[in-house]
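As structure tokens, here come the structures.
In the two complexes that follow, subunit A is the common piece, with subunit B as its partner first and subunit C second.
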Partner chain A sequence: MNREVLSPYQFTMLTAITISGTAIINLPQILAILTGQDLWIPLAIGIALGVIYACFVSSLAGEAVETGMTSYLIDAVGRFFGYLVLLVVAAWLMFIWVKSFRQVSNMILTALMPETPDWALLALGTVTTLSVAWYGIEGVARTTEIVFPTVLISLIIILVISVPDLDPTNILPLFQTELTNIFRGSFAVMTFFTESLVVFALSGSIRSPRTIRRSVTAAVLIAGLIIMSSSVITLFLFGAEDLGTRSYPLLSLVRYVRIVDFIDRVDPLIISIWLAGVIVKASVLLLSLVVIVEQVFGIQRRGIVMIGLSLIQAILSFTLIQTNVAIDKLAMGVLPTFAVPVVYSVTVLVWAIRRLRRGRKT
Partner chain B sequence: MTARRVVIALCLALVMVNSGCWDRREIESLAFVAAVGLDKAEDGQIEVSVQLINPSALGQTSEGNAGSSLSVWVVSFRGRDVMEAVRGIVTLTGKRLHWAHNLLVVFGEELARSGIKPYVDWFRREYEPPLRAWVLTTPGTAKEIIAARHPMVQIPAQVIARMVEVQASVGAAPQVDLLQLVQSLRGSTGQVTGAIRVIPSNLPKSSPSSENLQLFAAAVYGGGRLLGYLTPIETRGLLWLTPTPVRPIVVLPQGKENEREIAVEIVQFHARMIPRVNDSSQARIQVEIEVTGNVGEVTSNQEVDSESILRRLEERTAAVIRYQAERALDAAQNRYRVDIFGVSDVLRKREPEYWTSVEDRWNDAFTALHFDLNVNAKIRLTGLITNPLP
Partner chain C sequence: MKGLCALKLRLGKAAPTEPKILHDLSNTKGTPVSSDLKRNQALLSSKMHDSSDIVKREFILGGTCSTKCLLIFIGGLVDETRVDMTLRDLVSDSESLGAKPDWNTRLQNISSISVSKIEYIEQAIAELLSGTTLLFVDGQSKAFGINARHWEKRGLEAPSTEPSIAGPMIGFIEDLQTNTAMIRRRIKSPTLAFDKFVIGRLSRTDVVMAYLDGYADNQLVEEMAARLDRIAIDDVEGTGVIAELIQDAPYSIFPTVKTTERIDRAVSSLVQGKIVILIDGSPFAIVMPARFFESLAAAEDYYERYWFATVARILRYFSMLVALGLPGLYVATTTFHQEMLPTPLAVAIASEREAAPFPAAAELLVLAVMFEILREAGVRLPRQVGAAVSIVGALILGETAIRANLVTSPTVIVTAFVAISVFIFPQYAVGQSLTLARLGLLILSASFGLVGLISGFLALIAHLVSLRSLGVPYLSPVAPAVPSEYKDTLVRSPWWKMTTTPQTMHRKHPQREEAAKVPRPPKDLTGDNENE
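The block that comes next holds the complex of A and B.
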């Protein structure tokens, strides 16, 4: 494996953009459906648990820097379980990639290019991701240095110009949601923080392993802040009921706001910035999967692995999930109920077993 | 090498996909919508009228032809729903309608009385139409408003939109955009929009704009159906009771026969409703209205050069505002029997338990609701002069 090096700053940005890249698309709607105006509660819980989860992941990543993820897992939990965990992680990362692409392509079909066939958009996204990821994680990181601040600035601009239209009383009445829905909402938020698993896969690329935990914690907090602010401002503008019916709340907000009298629409600019963010996210997921496949199968031809994984992703994106209804159903049902607990449990279990084994050895 | 070839081939495919661009829209093939009007057609269908901008005519601004050239084109089409009618317009224009710059949505009275709820869905669902478009209701047909010309500008929709915005200093009508309308339609409250009508102009009949448009009041809806219009006084009362950027002027009658007046220009305005629910689950709404204004005009011989006189003017300003607000409350509670002030929203947020108990019979509960109006007026400046001519 080529040892590429990322600075802690680049690593932080990559992780933050991976976590928040698609969360801002429709998480506010999901939370508004589940918890109404109380959406800030599952957000706070989900982000807090996300930070704790990221601590586990960064701890594992810090220890896997020298050996690589596969060897580390085999050493930690044995060959069979090690491969099983790798399979779970790889499947999860592939699923996130597939879901993200379908979500974004549906958004573009709705907002900008309704007559374009979805396969063309998915193919375009896949090829763009492939070309970004082709030159390795360092290339992606350098791209992120341009993309991430732009995404952040775009969000800040949206926040500032939407202030006159916001109604903070839309957060009232407080604490009206059933506990079950708060939990479901929290798990829906936690879904996105499982994406910090890319840190584990890409740990070999960081320049200074000692800074992993700090970088990941900072990334998770930045992502949490982005997710929280985007959800809260959409709640303040639309109110919980209206928010629950909007497939792309932040996009609707961007469509509503205007900068002074002569810039009526800022959405085309914002969408293009977000798309760049999603491509970076997809590239990070692709490179994480490449690392796993290379380590498991010992394949040295990175190009073939990348193309193979991209093809699998493209086929799955085209066939697996197609409608927004299906995506929402996943986001509110299957993922929070089954997938998130599994991914969190597996990560914590690996961490705990590793600790126990090390304790016995010493 | 094979992988590299595959990547090159894929990149070429990317280039082809990009240049193919299914959704390309050449500017010549677009018709820009400036305003849309919705009317009920005789056959029960909906008639959509759009004011389309003719960009090639916009440069012709030489003397005499502003407004007379075909700078806009009004086209109508009927359909069973908005989308069918909108798509049908293409058969008349040969151009695809581009909605991103739409400024107005006007409802004709007949359609408004039958209910507007079904017809706003398309504006929410479709991506292009802006949610910032102002919503207006007219006692006639929307087509009349959309087709009306203006002697000074080439795109009449722009003038109407500006009318809605700048009348904030007069308080002729509420400013309601599509998003606000949709949000009020979602709750159990009534709804309001600005009301606009055609009035005769003093220009010669041969002029292309022999009629004027006037924003004149607030249109009142209940459950999405038009119920009627408020009077100008009631409209001002409505504006005092709702959070709005509109700041009406307040005219204080003077003298024994109220012939002379003092006009107070309101520069700052803040209103809020505080619900109070007692132990026996009876609610009262305390309304706090705070205004700050300046003396704008004195047509009486009233002197305004002392603190005590200004305090008296403040009291009288507050009394006028209270009177207007009471008229609006009376119209809503007794004439139309719908909550047009967003009281239900305040109760839902601040007193959820009480709201749950009255939600199903809100209109009845609203009509019996007691409002305590507290108006606090401050007058600071008197303009460039103090006292009027003796």
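The block that comes next holds the complex of A and C.
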């Protein structure tokens, strides 16, 4: 089999776009509701925890380069727990994929194209994701090399243009939030950093195992910087109270700024460019799931697995959009809050058990 | 007694089956040339059709040997004057041949033309068909191939599909030997290699793989040779046939091979470590590996000043985006995202569209199809009639369609701008590919606005990055990123900055020029000395 390999540069960008792809959409609003003007505190904690988590993940990925994720887990924690962990990882990745599509679809439907049927938008997203992922992880990584800088440049332009209108006093008064809300906010931030799990799933595609930790840490820091800057700038611009009422703060920011005098609004173009980032993220998630399914079931026909997983995702996303508010709240709010500690703990546990077992063997 | 036994043995053999006309000359080892001239004649007659253009001349050489000979060649493929001279020399000098003459040495001595020995009838036929003159001598179990090939060919002309203002006004022609000679004139290096292949069961077309031995990556050379060896077709109609059979992505709309009519571009590619394929009968050379961004670099870029070349290149990138996305962007903004347009423009477009019976996307599609029909007609029709087609297309169809409110003026402007942008590409095939991709993007934009357009772009990028040309990533040096190659991709750096050849080509000796050789006037001519 021709093994696809990624350079450290490609791997960094791939991980960074996976983490930050959807985080910038509504994380500032969630944090503003929970922590008000102190949103930078859970952000800082979340990013710090994200860096630590990335160290665990990159350590596991580095060891699983030769064997692959499934064999590594079975070897580390036994067959039963190995498959259990795989199930947790696969379910989490699928959930993130569905959640991302649901968030982006909602944003486009409410803010850009209200007359478009939701199923058509989901179908477009699913087909585009499939067409990007079809060419394998190398193809996705190369696509990221074009998409990520474009997304980043557009974001930087928007953020820089908004600087004259920023009011740094919106951050005051400091440290007014309850500790519980700070922790809840940190979990919300951590949700996105647990997405670095894709590194573990795609460990077989890494050219140089030695550079994994450096690549993943750099990716987490880049993503952290993007999330932090976009959240803090929207806070400076709108203030905590106003920010909490805006479903898509960054969209509001894009609508607020004027790039050139003769063009009234650029938000459809900018949001569409950012959508490309979300599609790339979805492609990475799809390929990670494909790798897991291939390794667990020994299926060699990648195309069929991809189409099957895409169909499951499309059905789940469509169902989630159609469901009532209570289920939506459960899926989008409560579930991630509980799932993040589980995913974090499982990763750390696997890492620790592997270390203990290796120590006993030596 | 011995002779009788031999006769019996010959009679005892099963009667040979009637030889059939050869259909496949790929195996040139079969029936050995007989020492009996009549048998050779019979074999030749049976294995190839007795065509009217085959000239056969029998003669007897006098002197002590008094030998029967047969000369065969194809009229129009040989220089008959040279053959006559050779023959005359042979006949006039036949008295001195002796009883057992060494024919090969003799022929070499009397003629300046190269002579080769031929051992098999099939080989003789293959040589004859490619223009060699055959000489059969009674009593000789070998034929002699006299290379007096000559046929009509056009003179060297400026390349018609890749014109240049400042570059050399010379392009390839249909004659393979002339083409290889022109390359040899430009690269006087012993590393220049021309490996010959014969492709086509019926056409037996000569195909030459040119590369710089020791510069081109061995793996690339071997891979290309293997691909050429794999080709099994009847006829090589032209460059397109070979290009289609050796490319990496046969189903893609984008060409992963580059064709050029310019000798300087072929030479430049060879120097970069690439491989050039020349085909007998075609004035186009195939260059591989071919990368997407190279197709946006024109020959002109390297003859103009680098500032102007860089601006021209940026214009081409802009044109590429226009050719791909302008119709989609127009449809998306006028149909879904009017808020993006400046208010006066939005009002102007809306007033134009008020009386239009069709949606903008349908208008653009119809106009695009009309333009393609006009373009095809313009290519096929004689030059005089072509002008009439342009008038009909531009004035009658366009003008009347606007007046009849069938299409709106902005749509015509968009279509015209896109049409002009397509022709800015130095590689015509890339323009065709972009035309097809544009239609897909237009349909997506008409359905989903900018979201559809960006999704289409993303799928297109994913497809392009997955392509390879002879194993080299098609979208390099952008994806995968190779920053050291940007100096001749996004911009055209000055020559003294381009000190190495593209890293992606894996050229064995990447150093092209010594570093830090920035041209500057000598010190004694600068103002510094005067001040001192």
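Keep this in mind: the second predicted complex is superposed on the first by the 342 of 362 C-alpha atoms of A that agree within 3 Å, B and C clash if a C-alpha of one lies under 4 Å from a C-alpha of the other, contacts with A are read in each partner's own complex, and residues count from 1 in each chain.
To be clear about the criterion, a residue touches a chain if its C-beta (ideal position, glycine included) is under 8 Å from a C-beta of that chain, and two chains touch if they have at least 3 such contacts.
What you see is a predicted model; the values in this text were computed from it and never measured.
Touch criterion met: A:Asp242 reaches subunit B, while subunit C stays clear of it. Once the two complexes are overlaid on the shared chain, A:Tyr135 sits against subunit C while remaining clear of subunit B.
In the superposition on chain A, contact is made by A:Gly303 with subunit B only, not with subunit C.
Contacts of A:Glu66 after superposition on the shared chain: neither subunit B nor subunit C is touched. When the two structures are aligned on the shared chain, A:Glu178 is found in touch with neither subunit B nor subunit C.
Looking at the shared chain after the overlay, A:Tyr9 reaches subunit C, while subunit B stays out of its contact range. In the superposition on chain A, A:Ile279 makes contact with subunit C only, not with subunit B. By the document's definition of touching, of the two partners only subunit B reaches A:Tyr256; subunit C does not. Across the two superposed structures, the residue set of subunit A contacted by subunit B and also by subunit C is 112-113, 116, 120, 124, 128, 131, 134, 264-265. Contacts from subunit A toward subunit C in the complex involve residues 7, 9-10, 108, 112-113, 116, 120-121, 124-125, 128, 131-132, 134-136, 138-140, 142-143, 145-147, 262-266, 268-269, 272-273, 275-276, 279-280.
Of all residues in subunit B, those touching subunit A in their complex are 2-4, 6-7, 10-11, 13-14, 17-18, 20-23, 100-101, 127, 130-132, 179, 182-183, 186-187, 348-350, 352.
Considering their complex, residues 110-117, 120, 123-124, 127-128, 130-131, 134, 169-170, 172-173, 176, 238-239, 241-242, 252, 255-256, 258, 264-265, 301, 303-304, 306-307 of subunit A touch subunit B. Remark: subunit C residues 332, 336-337, 339-343, 444, 447-455, 457-459, 461-463, 465-466, 473, 475, 478-481 touch subunit A in the complex.
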